[in-house]
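Okay, here's the structure, questions in a sec.
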Amino acid sequence: MSSLSSITLATLTKDIRLEWRSKDAINSMLFFSLLVVVIFSFSFDPNAEESRQIVGGLIWVAFLFAAVVALNQTWARELRNQVLDAYRVSPAPANALFMAKVLGNFILVSLLESLMAPLFMIFYNLRALGPAWQLIPVAMLGTWALVVNGTFFAAMSLRTRSREIMLPLLLFPISIPAVQSMVEATRIILSGDGAARFWIVLLLTYDVVFTTACLALFETVLQAE
Amino acid sequence: MSSLSSITLATLTKDIRLEWRSKDAINSMLFFSLLVVVIFSFSFDPNAEESRQIVGGLIWVAFLFAAVVALNQTWARELRNQVLDAYRVSPAPANALFMAKVLGNFILVSLLESLMAPLFMIFYNLRALGPAWQLIPVAMLGTWALVVNGTFFAAMSLRTRSREIMLPLLLFPISIPAVQSMVEATRIILSGDGAARFWIVLLLTYDVVFTTACLALFETVLQAE
Amino acid sequence: MTVSASEIPAAAGIISVSNLVKQFGRFAALRGVTAEFDSGEFYAVLGDNGAGKTTLLRALAGLADPSSGTVSILGQNPRQACREIGYMAHPSLLYDEMSGMENLRYFARLYDILGDERCQHVIRSVGLDPGLARPVGKYSQGMRQRMSLARAILHDPKILLLDEPFSNVDVHSAGEMVGLLKTMRDGGKTIFVVTHQAALLEGVADEFVWMQAGHIVDRTRRLTADHSEAGKQ
Amino acid sequence: MTVSASEIPAAAGIISVSNLVKQFGRFAALRGVTAEFDSGEFYAVLGDNGAGKTTLLRALAGLADPSSGTVSILGQNPRQACREIGYMAHPSLLYDEMSGMENLRYFARLYDILGDERCQHVIRSVGLDPGLARPVGKYSQGMRQRMSLARAILHDPKILLLDEPFSNVDVHSAGEMVGLLKTMRDGGKTIFVVTHQAALLEGVADEFVWMQAGHIVDRTRRLTADHSEAGKQ
Amino acid sequence: MKRAFPIFAALTALLLAYAFYEAIWVAPMERTMGDVQRIFYYHVPSAWTAFLLFFVNLVASIIYLVRRNAKADAVAVVAAEVGVLFCTVVLVTGPIWARPVWGIWWTWDIRLTTTLVLWLIYVSYLVLRRFSESSQTPKLAAVLAVLGALDVPLVYFSIWFFRTQHPQPVIGGGGSIDPRMLHVLLINWLAFSCLAFLLCWVRYRLEWLERKVEEAQALESLLGDTVPSSQSAPVKLPPEKTQSSMGPQ
């Protein structure tokens, strides 16, 4: 177990160091999310009362698409010189790699969201009428849900033709309950009518179920070649 | 000129034949657009009056994301064994290749749209209150705008690292006027208040300007290495 | 044009390169290459990894824009002379999903060659069967290299530029390809072959061009052992 | 264990493969390979393109699940024996963006090796400088191959599996690598090298293993010319 | 065994014909909806059959993950394929029914939505199988099947709480269904189950044969470059070196 966490940490540190050196992914992702926000505000007039009502959905759809683009890059670095094979021939546990990638993606996507959320707030003149602090657990649980499944399915689509398109094809159907919970919770918190507790609990359940399942099955996916 | 159109035709036929043989791209794209529609209807409750109001924007944003995924695959086949180099050393005009790719993408994206549009209609219970036939020129002009620029920028992003993310980064900013016109025109037609003529003319202008510019500049992009 | 038999080729060659520099960012892959190459000769281009062999070939084919210096082929620039150049790279430059014949038929259109005869003829001439329905992606490496060569000679170019045609090819197939190239040289074509397996071309190539660090450091008629000293000049 | 000197190795080898089949869709890359390999020997694996050499090596390394048959390494399955196996593939298996030392430091963690000494030692032993700050992506091909070898021997495995370590490497670097491998064999390691340049290993390898169409068709002590006949059996 | 198949096929055909007759002519007409309601006898049995097949897929996938049994994998594919087929029937007959009855094609009712999501999950399962290149497709597919099955209850809860305005089922909860209708429904269900079983049987045999053929071909085919190499490489090319020289030796 100590080897698991130490290898997770080593892998995460390596990924962050490499990312920090080039800043490629993070820069392009930031710019991409900015563009998504702008495109959204051109498509959904922010002054219209209706758009304000459904901004919970808008935010999460924007995050979802930005996250898919980010998640698709997860394994790119490990594939470049087939470094993944070096990992596979080593005695390091598969789950250490998985957790490192999940944590890395979680950091990246959270970063994107903390940039995009204020932009949405500004563009759409939002003010939460419910308990705004609840948005933070919703965002964190929701992001975790997307990121765990996304990292897992990105690893699965490594073994397929036309890899980039496979990720959403696998991720979207399974993420529907998570997306639904995020959207509903956000809507409730922003509009202030009702309590978001049910949705938060559902999200938590989703996270626990899928994190466990992914950890149990990742070894199989990694060693499949 | 005859060589231009004959090579365009040969290239287009080849692409369609290859696509027909595997049907990979078209199948995955169809499923992807279906998923996009479903995810959208989970995020924007179709029963809510507000979502119905902004469905013009929703449709176009969904098309835009689906189109980006499709456009990203445009050059994949030519890159596989660097076949593009074989084209570049041949005396064939660069624009023949460009037009073939644009036409191919136009067919593909139009196909996607004609699948997604009815689904949107069903899920959101839409009925156009204005002259519905006008939606067809709007869709065609808008698609052409996305596809011409998208094909061009996909070719540009071939030379960059992290190719998939580059396309939206280049395409979205330039497409904003086109997206805006499409959304506005669709909204006007669906809601029936006012005439969409201005927006259609704007789209037409956009198409003419960018098609000309892309044709003039594609040779440079192709020969850059 | 007479082909000079001396070590230094005649000044009026079919290809002339003058002071060619190709820079990639902070690194110059070619650092002022000046050379003349004659018609109907078989050139083997040799050198260490990163010497600039591929870059030189791509510059000759018009695929790489030189940073400075000029390439002239039959008195024209490479793009204008493209009908006279056949280029074979390390990747196959073919569509994996189509059969060999379908591939060639498509490339023939790019060169305005109509009709199937030429394609069939070329495929036969590299020792393959034009009727083969298998897609190129399922060819073996040796068959694929032959088909790639067929694509390069499809439009009957005067000059052939071949980048490592024998790499990852087993000894048997490599020998056959050398034989084929020899026949073509005898048929009057000018041939450039980049390779690390120089021994394969001993007695076949007319001239060995040694490259090092972006320069042509020596040109010899025979595969001598003293090239490494020449390299150290 | 005594190393048998006869042509057919002793039954109780360090590696034993029995009836190994590896199927890729409609194509079997290995078609029932049965063999024993002894400890402390230097094996050169030769054969045409597509003979199944890479696939065999990957099966030995535990990277490819056999469709049927078993691989046993030191009596265990390859995954369990992974600490005793060093694997070098054709791609470098290194991060291009990190320096050699950073790369090794990361892989050392995977093997629970702490401290920099081992990494530095290994880099020196392949003839590179541990202080080199350049990222591996900017190494020359020869340097990259050495660093890749360094990664493979980092955890001091008993068995080395090397896939075309000399391909695209110039003659000079290849010679140096052969010397290095020889030293390691003399140090008691079992070494497998897949290559198309068999001549490089003449007089170095203890045994040449000839593969063809998914079978091991012959095993010879010397690089003889008659292997092809054996292949036709 | 050889004879069992045609006999079973014939029985299924008879049963289907009888069920059709019952559904169209024997079953009583529904009071408010009229004849459209007869879709019911295709709609509901298809749904039940599809659920059953998806369950079979899950069980087979788990068996495959535990035992690595190739037959279990074949069963999983077959069940998913036929299940998607029946699920499609539900998704097509539903809207056809909904349009005249509710006046709309679709609503986000809990039952409709879960069916749609189920369909999406198993289509993505089939897409993965199709696009997967490696020889490890069964493993990946089995993993996806397990994750997909875990998702279903969560979907159910998320919809259940959210979309409140779903229309009442035509035939109210529990036993208020006309016994004659129930009778016809059950006959149809039996017929559909037999049909599903028949389809699975055919597909399974095909799938299994295909794999056997593939295996046999794999060991024989010489797709690779297997021209016997000779050290003294012939510099002269053989006059017409065609496929035949690469054929099986």
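Letters A, B, C, D and E mark the chains as written, and numbering starts fresh at 1 in each.
Following the convention adopted for this analysis, a contact is a pair of C-beta atoms (placed from the backbone, for glycine too) under 8 Å apart; a residue touches a chain by one contact, two chains touch by 3 or more.
All values reported here derive from a predicted model rather than from experimental measurement.
Which chains, if any, touch chain C and chain E both?
B, D
Report the chain whose CA-based centre is farthest from the CA-based centre of chain C.
E
For chain B versus chain D, what separation do you get between their C-alpha means, in angstrom?
49
Measuring from the mean C-alpha position of chain A to the mean C-alpha position of chain E, what distance in angstrom results?
31
Would you kindly tell me how far, in whole Å, the mean C-alpha position of chain D lies from that of chain A?
40
Could you please state the distance in Å, as a whole number, between where the Cα atoms of chain A are centred and where those of chain B are centred?
27
Among the residues of chain B, pick out those that touch two or more other chains and give their numbers.
24, 28, 31, 35, 38, 45
Residues touching two or more other chains, restricted to chain E: which are they?
Correct list: 120, 123-124, 127, 131, 136, 223-231.
Would you mind listing the residues of chain C that make contact with two or more other chains?
Correct list: 140-142, 170-173.
Along chain A, where are the residues that touch chain E in the complex?
For this pair, the touching residues of chain A are 149, 152, 156, 159-162, 166, 169-170, 172-174, 176-177, 180-181, 184, 198-199, 202, 205-206, 209-210, 213-214, 217, 220-221, 224-225.
In the complex of these two chains, what residues of chain D are touching chain C?
Contacts found on chain D: 47-50, 140-142, 167-173, 196-197.
Chain B touches which residues of chain E in the complex?
Per the touch definition, chain E meets chain B at residues 95, 104-108, 116, 120, 123-124, 127, 130-131, 163, 165.
Please output the residues of chain D touching chain E within their complex, sorted ascending.
My answer: residues 21-29, 31, 48-52, 65, 67, 212-213, 225, 227-228, 231-232.
In the complex of these two chains, what residues of chain C are touching chain B?
Per the stated touch rule, the residues are 58, 61-65, 79, 82-83, 85, 87, 89, 91-98, 106-107, 109-112, 151.
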